[in-house]
Structure formats: C-alpha cells, structure tokens
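Below are the structure tokens for one structure; questions will follow.
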Amino acid sequence: MKAITNVFRAREMPVFLALVVVVGIAGIANPAFLSAAGAIDILLGVAIVAILAVGQTFVIVMRHIDLSVGSLIGFTSFIIGDLYAQGYGLWGGLAAALGVGLIVGAANGFLVAYLKLPSLVVTLGALYIVRGVFNDYAFGRTITAAMVPPEVAWIGLNRLGGIPYLFLIGLALVIVSGLVMRRVKAARDLYAIGSNPAAAELAGIPVARRVFGAFVLNGAITGLAGAVMLGRFNAANANSGLALELLVIAACVVGGVTIAGGSGSVWGAFLGAILLQAITRTIGALGIPQFWQQAFNGGLIILAIAFDKYLNSRVKTTTIMGSQND
Amino acid sequence: MVLSSPDTGRPVLEMMHVAKSFGGVKALVDASLTLYAGEAHALLGENGAGKSTLLKTLAGVHKADAGDVTLHGKPFEQGSTKASIEQGIAVIYQEPSLFPDLTLAENVFIGRQLTSGGLVDWPAMERESRELFARLGVNLDPHQKARGISIADQQIVEIAKALSTDARVIVMDEPTAALSSKEVERLFSVVRNLREQGSAVVFVSHRLDEVFALCDRMTVMRDGSTVGSALIADTSEVDVVRMMVGREVSELFPKLPPKIGDVVLEVKGLSLEGQFSDISFEVRAGEIFALAGLVGSGRSEVIRAVFGIDRYDSGSVVLNGQPLPPGKPAVSMASGIGLVPEDRRQQGLFMASSIARNVAVTLLKKLSSWILLRKKREESTAEAWAETLQLKFATLADPVERLSGGNQQKVVLSKWLATEPQVLIVDEPTRGIDVGTKAEVHRLLSQKAQQGMAVLMVSSELPEVMGMADRVFVMREGMHMGTLDRDEADPEKIITLATGGVVTR
Amino acid sequence: MIRWNLTWDKGVGLFLIFAVLLGSLLSDNFANASNLSFVLRDVTEFAIIALAMTFLIISGEIDLSVASTLNLSSASLGFLYRAGVPFEVAIVGGLLVGLACGLFNGWLVTKLGLPSLAVTIATLALYRGLSYALLGNQPVNELPEFWIGIGYGRIPGTFLPWSTILLVVLAAVAWFVLHHTRYGRWTFAIGVNAEAAKFSGIPVQRTKLMLFAMTGLMSGVAGVVYTLRFASASPDGAVGYELSIIAAVLFGGVSIAGGIGTMWGVIAAVLSLGVIRSALQLAGFTANSLLIVSGGLLLISVIAPKVTETLRNRTRAESKDNTKKTIREVGNE
Amino acid sequence: MNNRLFKSGARAFALSAVVALGIAGCASTPEATTTEETSSSTETTTETAESYRIAIMPKAINIGYFSAWDEGAQKACEELGASCDYIGPNEATGPAQVQFINQVIQEGYDALVISAADQNAIVPALQEAAAAGITIVTSDADVAAESADARLVTVLPSAADRIGTAEVDWVAEEIGEEGCVTILSAAATAANQNVWIAAMGPYLEATYPNMSWCGGDLESATFYGDDDATKSVEQFNAILSQYPDVAGIIAPTTVGVLAAAQEKKAKGASVAVTGLGLPSEMAPYIEDGTIAKVGLWNPIDLGYVAVYAAVLGMNGEFDGSVGSTFSAGEGSYEVVEGGIAYLGDPFTFTIDNIATFKEIY
C-alpha cells in the first residue's frame, strides 16, 4: 500500500489529476468517450509511446536525451517483418531487432558515457544514420500483413479481459521498470547522476557505466518495441516511427520527467503518454474542427508543462525568516 | 575494514612523498601526511599549495604518480572514489555535493543504499538516517528532498553520510567557510565526538582561530610539498602563517583612516516576504559599511535586492537621491553600483571564458564605439587591471578556471573596480582565499574607500568585520537588530545582536 | 577547449573546400554556376534560421519550433493574400507572425521559466496546428508573378538567386553582432554562465527574449523566402526542418551546452551540407545515403574535437620542455 | 547488405576519372550540356531513342506503390531503349522533390516523369526544367491546373469523378445504401485526394437518398491521416469516437485504407471500410473478410504509359495537345481537356480475384 502512495506522491499526482479532468470533460461532452470502447481506444493507442517513454525516462532522469528512438523502432519493426518473410521466423526477427537496438544503444551510450559527448548531438546524429540505413534497407518495400509473424499480429489484435495485450505489455513494462527505478540500487544511481553529475562521481557511483547501461537499455527496449509497433499496425514501411521521438519526449515532459534530470518516474511518463493520447482524443470528441485540433494539442501541452512548473514552484525552499536553522 | 580499537601508537594513514602532475603542471611534488586514530589534524597551506590535490588523491579522484599510501599498514587502493569509500575514507567537500532531487535519507546512503532481498529498503534507510541526524543533534526530516536546505544542513547531511560508512578517516575541506559561528560550534562538537570514537579527522581551514580551537596536530603544505608537521600546542598562529607563506605577513587588516563623505546609498524600509523585512540604512562615501549576522540571516538577500538581482515587496533603494528601479542589475550597474557576489564560481565568473573577457564583461558599453566593440581596448583594459591587482596568470586569453581561488577573486574585483563604482557591494570578499591574497584584498578595499568609494560588505568572519568596518549593521532572521560604530563594535556585542541574545536553542 | 574550437571552425571551412573538390571530382555537372545557384537557393531558408539559432544555442537555449514558425509565417502570408490583402502587406504580416511566435516562445521561457526544449516541442505542434487552422486543406497558389520571379529567379546577368543578397546581408549582420558588439558578448556570457551574467549587470531575461524573438523573426523571413521560392503557401511545408537546422548549427562548432561557437563556422557548415548534398546527389547517391552522411558529419563534429583534445593533452603531458614551474591545483580549487 | 546507397558508385568513379583527365569538363555550363544532348535527341528514329535519358521521380523513393509505378516505367524504357533512372527524395514533399528536379536539370536528362508531391511547390522548378529543354510528363499526381503548361501531358489513372464516384458506390453496396459515411484521406493538402473527395460529395447526396456524410457535410466527414500509419489509425479512432453511428469509411489512399483495415480488425469494429488499396497489402484483410472490396488502378500501367508519352513527345510523334492521341503497349490514349490522359476505370479487388492480383502489385 505504501508503495502505491509513494508512486503517486507529488510528482505524478498533477498528471493524474489532469488526466481525470480531461477524460471527465470529454465524457460529459461525449458520453461515448467513457464507454469501454472509448477507453480501449486510448489504451491501444498509447502502448507504443508509453513503452518508448519508459525507456526514455531512464535516459532523461540522467539529464540526457535519446532522439534516435523513432528511427530505431521503425527500423526494428521493419526488420522483424522482413526476416519473418525471409523465413527466419519470429525469434530470428526478434533477436535481430534486439541486436540492432543494442548496437544503436551501445553506440549512443559509448559516445555519451565514455567520450563525454552531448547526448542531444550524438542521438540526433544517430537519428539520421539509423533512418538512412533503415530507408536504404527498406527501399520502397513495405511489410504487409502477410509478412508479419502471426504471433505478433495476434498480440496486436487480441485482448485479455477486454484490455489489449499491447497495453498490457506496456503496463507490465511500467510496473517492472517502476519497481526497478524505485528499488534497485543501480537505477537509483541514474537519479543521482541526473541530479548532480559531479557529486555522483565523488560518491563513488560508476557514472560512465550507468550512463552507458541506460542507453543500452533504452536501445534494447526500443528495439523490442519494434515488435509492438509491428503488431499494432500489422505493416511497416520506410516511414515507420518517423518523428516519434518528439512525441515520446513530450510524453515524458508532460508526465513530470523533467528535462533537467534527477526527477520523474516511469509512472509519470506513462501517465504523460496516456494524457497526451487522451487530449488528442478529447479534442476530437469535443467536436473541435479538424484543422484546429493540432493547435489545441500544442496549446494543451504548453498548459501541462506550465501547470507542472507552477505546482513544483509552490514547493517552498527553506526560507530565512523562521526557518529551522536560525 | 573497520579498525577494532583505536591504536594511537600506529598511524591509521600514511601518505609518503606523494607526487602528482596534470599535463605539465606539478600539483604535488613531495607531499606527506600521517594520521593517527583519534586525532583532529589540521591540513594548512595557501591556495595552490596542493591540499586539495592531496585530499582528492585520498578520495580516489586522482591517482598519485609517485609515493606510497598505506592505510592501517596495508597499501591503499587509489584512483577510485568507490574504493576509497569502501576503505573507510569519507570526504566532505568545500562545496557540499548533495543530490537536490533525492531525499536526505537517500543522500546519506547514496551509492550504498541499504537493501533487503536485493531491493532498496527505504524504511531502513529513513530509520537509520533519522538516528544519524539525532546523533548529530539536528532535527532533519529524512523524507525531505535536499533541494533548498541550508548549507549548514547540507554539511550535516554530509557528515551523516561519513558516519554511516563507519569511516575511520574523515576529511573536511573547509567545512566552516559558509557556516555561522553557532553552526561552527555545532560542527566542532561533532568533530570532537568523532575524535573520541577513534576516527581520524583531517580539517582544512583558512581560519586559524578555528584550527587552534579544534585540532591536535597540523601539517603545513607549500608549493606541492609538505613543509612540516607539529603539535598544535607547540606552535603559534604567527609560526603557522610563516610556514604557510614562507615569509612574514605584515598586516592582515590594513585599515586606512577613512574620509567619510556624503550619503551615497540609501536603503529605506526594504522588505521581501520570507527573506527580510523593513531594512533601512545609509552608506556614505568613503565608508566601509558591514552587514553582519549569521549565515542565513538575510544579509546576502538584502544586497541582492539592493543590486537588483531579486525584486523586493516594498521599500526603496536610493542612489545619490535618485531611486533605483527594482530588479534591474543593469541599471544599478550603470548608476554606479558594483556587486562582488558570494559564490565566485557560480555568480562571479565565467569559468570557461578568458581572463580578459571576464574583466571586460562589465565594461562592454564603455569599450564600444556606438555598437562596435573595440577588442584592442578590451585587452588593454584587462591588462591594466591585471597589473594593478598583481594578478598571476600565463596569458589573458587563459580561461579563469585555471587561476587559483585568490586570483579568481582578483578578477571579480577588477571587473567591478573597472566600472569605477560609487558603491561597491562585496559579499564574503575573502571566502576561501589564502592569507596572502586576503591581505591584498583588504588593502585594496581600504584604499578604494579612502579614495571615496562606499563599500557595503557582507562578511561572516568577525575579525574581518572588526578589522575593516567603519559601521556594523547587524541582522538576525531578516531583521535589523542594531548598528554599531567602529569604536563600540566588539565580537561579543555583534554576536549577541546576531543571535538575539539567546545562543542555544 | 576554446583554442580547439577555433580549429574546428577552420576544419569546417576546410571541409567546405573539400566538399567542393569532391563534388567536382564526382560529377562534371557539379562545379558550375548553375549548380551553385541551386545549392545557394536550397540552403537559403536553412541558413537564415541557422543564423538566429546560432545565437540562441550559444546562449544555452534551443528552439525546436522554427520549422513550424517558418510555415506559420508562410501560411499567414498566404492567408492574408487570399483574403485580399496586398501582397506586400501580407509579407509584412508573415514577418510579424514569425516575430510573434518567437516572442511567445521567449515569453514562456523567460517569464514562466519553462525549459526551452520542452516549450518549443509544444509550440512546434501549436504553430503547425495554427497553419492548418488558417489554411485548412487549401494551399494558396497563384501568387504575383513578380514576387515568384524574385523567389525563384536569378539576379539578371548573374547566376545568383535574389535571395542570396538577403542571405549575405543577414549573415554579415549576424556575424558582426555576434563577434563585434556587446550584444554578442552578452550572448556568449549568458551561455557560459547565466547566473554570473545576471550578476554582471547583463539583462539576461531580456536578452534571451530578444534572441527568441529574433529566431522567430528570422524564421518568418525564411517563411517568406520559402513561400516565394515554392510559389505557394501550404499548411504542411518545411516539416522536420528544425532538426536539420540544429544539426547544421552544431556541425558548425556551436556547443549544445552554450557559450561556444562562431558565426562563420555555422555559415561554412550550412554551405558544406548543401554542397555535400548536391555533390553526392550528382554522383548518384540516393536520398537515403544523404541522411547517413548528415548524421555521420554531426557525430564527427563532436567526436573529432574530443579526440584531438585527448591527443593534445597526451602530447602535452609527454613533452619535456613544458616543465615550467607553475604549481597550481588543476582540480577544484 | 545491398549496395543501393552507392548504386551509381561505378559511374561516379568513371566520371571522376574522366574529370581528372580532362578538367575542361568541369567548366562546361549546363546550357552547353543540354544543347548537346537535345540536338542529338531531335532525331526521331527509334535507334537514337537509346540516347534518351529519362528520370523517373516518385513522390518519395521509399513508398511501395511507387516501386510498382517504377516497374512499369522501367519496362517501357526497356521497350523503347531509353535509359531510365529512378531518383527522388525520401520524404514526399515538394521542396524535397525540387532538389532532385535541380539534379535532373543539372545532369541534363532528356525527360522527367514525375509524380508531383506538391501541386504548387515544384512548379517553378519544373518550369525551369522545361526551359532547359527537358520534356516533362507528370504521372499519378499532376501539378495544379493553372500550371498545366509546365508539362507536356499528365497521365492519370481515371477521371477524378470516376474514382470518387466509384468509391462511393463501393461503400454504398456494402452498407446497403443506408447510413452515414466518412472519409479518411491522406494529407489535407494532397491534391489528388482533394479532387476525388470533391467529386464524392455531390454524387453521394444525389445518388443515395438514405446515405449522408457524418456530421452533415463533406467537410466535417473528412479526416486526414497524412499518409502516416500512426496518424491514420488515430484518425480512424477519432471517426469512431466522434461518430459512433458511422456506417462506412472511404479511405482514398493506400496508407489510410491499410491502417483502417488493421484497426478495424484490432477493434472488431463493424464499420465498413473501403477505398484505394494495393492488392498485395490488402489481401489478408480481404481474405479474412475484414474488407469486402477495395479498388485501384494498376500503378505499373501508369508508369509504363507515362514513359511512352514522354518518349513519343520527344520523338515529335505526340504533342500533348487536347485531342491528340498516343499509344503505349496495347493501349491507346487520348488527351482530354486540361492536358490529361486517363488510364481507364480502376480495378476492384474482392475475395474472387485477390489471389491473382496480390502477386502482381
């Protein structure tokens, strides 16, 4: 019980409240929104961004960023289908996806952790390179439904007790990662690194190894998430995953995983992803004209960031008059 | 790793003939340090003498190029902060290195979180840190995030961290630099406690009075080498200073007779919620006006508001009869106020930028013809100031981060003196700089005051306040407690005012 | 670090020369006036925004909304023109919209204290969305012939596009302001240490606000150039330009951490990327390989200085003549 | 690993060798090159057609549909003895295409067969290309009508109204001519789709009295998935949540119809989905009954015919004027008002014929 109160303490609560408000407004305006089908809509839509947001959280809490995820997930979703079609089976495809994810993650991690290069630049470079290699590999080919491993397609189509498997995969990842981030020493180091990098070195934390590890982990999660994306769309082409990275980062930021590092949780990122999805859907449900929807979406993201900032600025630092020290 | 019983006969730690170079620069030439269990050991020396490098070698940040280090008679594993911690070394740095986003409990146990069944055990960490805080006599909430807690409390958390590792060697690198005298007392009792429990405490401080009050033995370093060790009881402050600088230091507070003029700066009823309220004072030309009080009494906040870094809720700041707009440092600067801030590295300097650029940053408008910036004039100005203040440097294009603390402070001073301010505000002008430079800074301020500049000084060092100030304005918890003239000010009166007459809580 | 930085800029300049030589070797259609005009025209919008982005990144901020701002400016121009406003007035309207976008970003960052990366991801969506709100699914075409001629045509008697004049003027101004005025110094100072800048009497927030506004305005200028060059205004133009522009600025030696960079490094970088794209394209490389080259160059731009720095430190440590007896703590004193 | 990144590597090296030997090549202006090549191509015998170099430019090289389109183009090139290069950007935008049109001008191609990614943005570049003597045929997607003089002719699948009305008929058949219908389109600015949709509006209202556009008018029934899988799925869901009683969805774009089919299957939604889809991509959904019918012209034919038009145009056997005709392979095509040649009615794919067509494209 305490774990649960901990999870929703302070940082994630505003996001959760915002979500409740958004869904409430949508539900009042359009009761169909609150139906099971409406909820499933959001859950199904949120899976990919939620999974990537979890991986990204590992990186952002360290005060780093990984822009290469959109290119990478597109590439691995294509690879899984392509290798299956070529007769390597599901596991061959997954192994290759994991392998590519690990390689990209390790390359990013090496450059950032050991050469101490800025992650934004490194992963921006990786974004281009992976997309270029991917596009060259795909070159006008598409992965059609027939090339998708049936297990992957099945996962994308089916549900357990009414809840899509894809969402359950995301949820499972969040639960496990949430526990890891809270209760595993190495993961706590990530927060320390993001909170005060210099002090982390002095405290005996193996900073480079942790940074490397987090990038590799994010690469691996993203690589495997290719299967989720393939299951979701049952198709892939050279544009798969394009520009997804900014959406993922937006989900993290909205979910209280601050760009400055050191704070935020996978639960927050997860809720952020759901909130963004709910906002998108709510705008439709409210009957806002199509051409205005994206503008509303952008405006609401700004409000979400500002709201988060406002709530956090209310946490007063110790003041001089009447503080416990004087 | 834990020593079963304190053995005063055999040294706990021996560092013998340690040498260390960075690139071509020799930071340590021949440094030695011997520590015994149950002693408080002062490590003294001017900035640049090699103290920090020696301590960082002990902390595992650096690895010595040559020399032997043994701990409990066994070779000491160098070059890893983790290994140092595991071998029972705890280092409390000059600038506390806490993690603002983590709770105090986790800060205490960072890198060594308590676990049960492989998972981090939060309740246990909170319980134990609560106990540690209690042992140190503070009432801190382990649940609280470290962001925003006072420097003194940060210091305490660092000490709790050291205690939690059962460290047998505890290094404190200028722990008192940012503490008020009451907090210093609290720290000292903690150190004495540690000593009694058999830990060896290395204490680095530029305040010799503290060293003599607290320590048993001392080691003095100069130019990367150990000059000597002695029992505190056998030495005097004068001897120590001579050993540190290798020469006689004439006068620490070369106060010149003041020529007090008209009121230049008037602060009227300045208030900022939660920080200070109803602060009023006048500073005259040629006067050194000190704001005294404990750290955290709101002195720095007042001068930040005066200069315009922060806004204030009510009141006014008047310069030469003209009110200054709140929250506009640029206007204050243009009107003739300068501010040498408290935190040199964060607020005073652009560490990665060149000396010339640092000096010229306040003069850019003067150095421009219309909008064109004259780079030649910039260099010549910087050069002139470097000469005036006897700055030690290789080239003006060097980044200031390569300078020693004292020289860095000279750069900050020159950038403000170069604006020829009518009022110069200095916040802890000699914090963390060595004895020699300290005297130079004091002489400079005194000279400038005599030439008619008004100096508004914040200082936590009572000797400095006593030695320099013409008037002392004492604050406590954001309020004005009283103003003392030079001849009526003595340490006791200041402390009584600063603590509201009640010393203990 | 700083000394190397200069060398990196020279490196970019050398790379530009290399790229031109490479292009000439790879294709006999490369090194001629007509191709040069294509390259110049292709980089103009990027370059104009990169000029402003250089200031912004040096000051330690970033703006991801520039492509959306460009497009919103273009869409506003089109919208106004379609609504019957004279074209010249519509151009001014487009510029003002760009300026307003930049001011809004700056306001969110400086007044509300929000991180620019997060804010401008959001305004990226917002400004793009407003473009759609303005134009719907109807792009505006049939712009005045005269202006399209300016946008796509060349200066009579030369191979230079008209927009090159604009670019040269803006680049010269940007170079001068960054390196030869106090405003440039302020920008660097803020990037190195914003707090110290504030304590040094530099109006940090106002300067940042100005830089965001300028970035918006330059995006607006680029939006007008874009509209004229493509003879139309549509809600979905310039998608994804933001990352390419930032990549170009970083390739030019500007540090993402702020405080370091030169204008001519950025200009050389933008030109290099345009030249190398053209060279590879003419040599028969596919569009996909161009992506890989862009990414690779970006990585090299951060790896190369690092490696050189390491090597230099090593040689410095080994050189015997450097035994000057300066003893100081290199650590943290 | 394939070698596409460097597909012309050998050529590049050959060229560089040539250049290294004769620096003069560098200095040659494009005008000179162009004149040289056009002079050789003015001869109208079939043998000289071998010297025709034609650029085949899709909206983006990474789109599967255009691979099929290129296949037809290459077939025609082979038959006509022309040498054809498939070049283009990796993102389907006008500005990106302009960079490659510049390349076409620069390299002095004789003809350009292009699917316009933006009906306006590429016009100035096309005009410049035309001025340089390059014969331009648009195919699959044309430039804006007012800029039609920039190209010789355009080869389009079917008359806009034929495509639009056919799709309305398909959906009407499936939903029993009753209920409200929405459209899941490509980008809001996609010219082809906009023309087709414009044709659908009045036709549905006039022909099927019991059917309507959801939300009351065409505009509120139209959603844009930007030819992006994620966005198309999102818009599909937006349709369902905004109009829970929607009976049918027309997706006149291959990306949109594919996304809609998959999402319909994932949700078990009952809405009827139809539109324009590639048989190879849609086969699984038709085979399992998710989709009853989609249609499409044959992109292979489209590319094939366009190359014929270009070569015949260069040979002087065809001038692109209204009423003129040309033949390609077994078919003969007449240019109608607006300088357009139509391929014919779209094919429809159902459970009966999908097995055959999915192997073709």
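We just call them A, B, C and D in the order they show up, numbering each chain from 1.
Just so we're on the same page, a residue touches a chain if its C-beta (ideal position, glycine included) is under 8 Å from a C-beta of that chain, and two chains touch if they have at least 3 such contacts.
These numbers come from a predicted model, not from an experiment.
Path length between chain B and chain D in the chain contact graph, taken as the least number of steps between touching chains: 2. Using mean Cα coordinates as chain centres, the one most removed from chain B is D.
Each chain gets a centre from the mean of its Cα atoms; for chain A and chain B, those two points are 43 Å apart. In this assembly, the C-alpha centroid of chain C lies 34 Å from the C-alpha centroid of chain D. Chain A and chain D, compared by their mean Cα positions, are separated by 35 Å. Residues of chain B in contact with two or more other chains: 61, 93. Across the assembly, chain C contributes residues 132, 136-137, 235, 240, 286-289, 291-292 that each touch 2 or more other chains. Shared contact sites, meaning residues of chain A that touch two or more other chains, fall at 135-136, 139, 289-291.
By the contact rule set out at the top, the touching chain pairs are A-B, A-C, A-D, B-C, C-D.
Remark: chain B residues 59-61, 80-86, 91, 93, 97-102, 106, 110-111, 113, 115, 118-120, 122, 139, 147-150, 152-153, 183, 274-277, 294, 296-298, 301, 476-478 touch chain A in the complex. Within the complex formed with chain D, the residues of chain A that make contact are 30, 32-33, 37-38, 40-41, 44-45, 48, 135-142, 144-146, 156-157, 164, 232-240, 242, 244, 280-281, 284-285, 287, 289-291. Residues of chain D that touch chain C in their complex: 4-9, 11-12, 15-16, 18-20, 25-31, 33, 61-62, 87-91, 93-96, 98-100, 102-103, 105-108, 118-125, 128, 144, 146-147, 187-189, 194, 222, 224, 226. The touching residues of chain D, counted against chain A in their complex, run 1-2, 4-5, 61-64, 66-67, 70, 90-91, 188, 220, 222-224, 228-230, 233-234, 237-238, 240-242, 244, 258-259, 262, 265-267, 280-281, 283-285. Residues 21-27, 29, 47-48, 50, 52-53, 56, 61-62, 93, 223-224, 309, 328-330, 332-334, 339, 341, 346-354, 357, 361-362, 364-365, 367-368, 371-373, 375, 394, 399, 402-405, 415 of chain B are the ones that touch chain C when the two sit in their complex.
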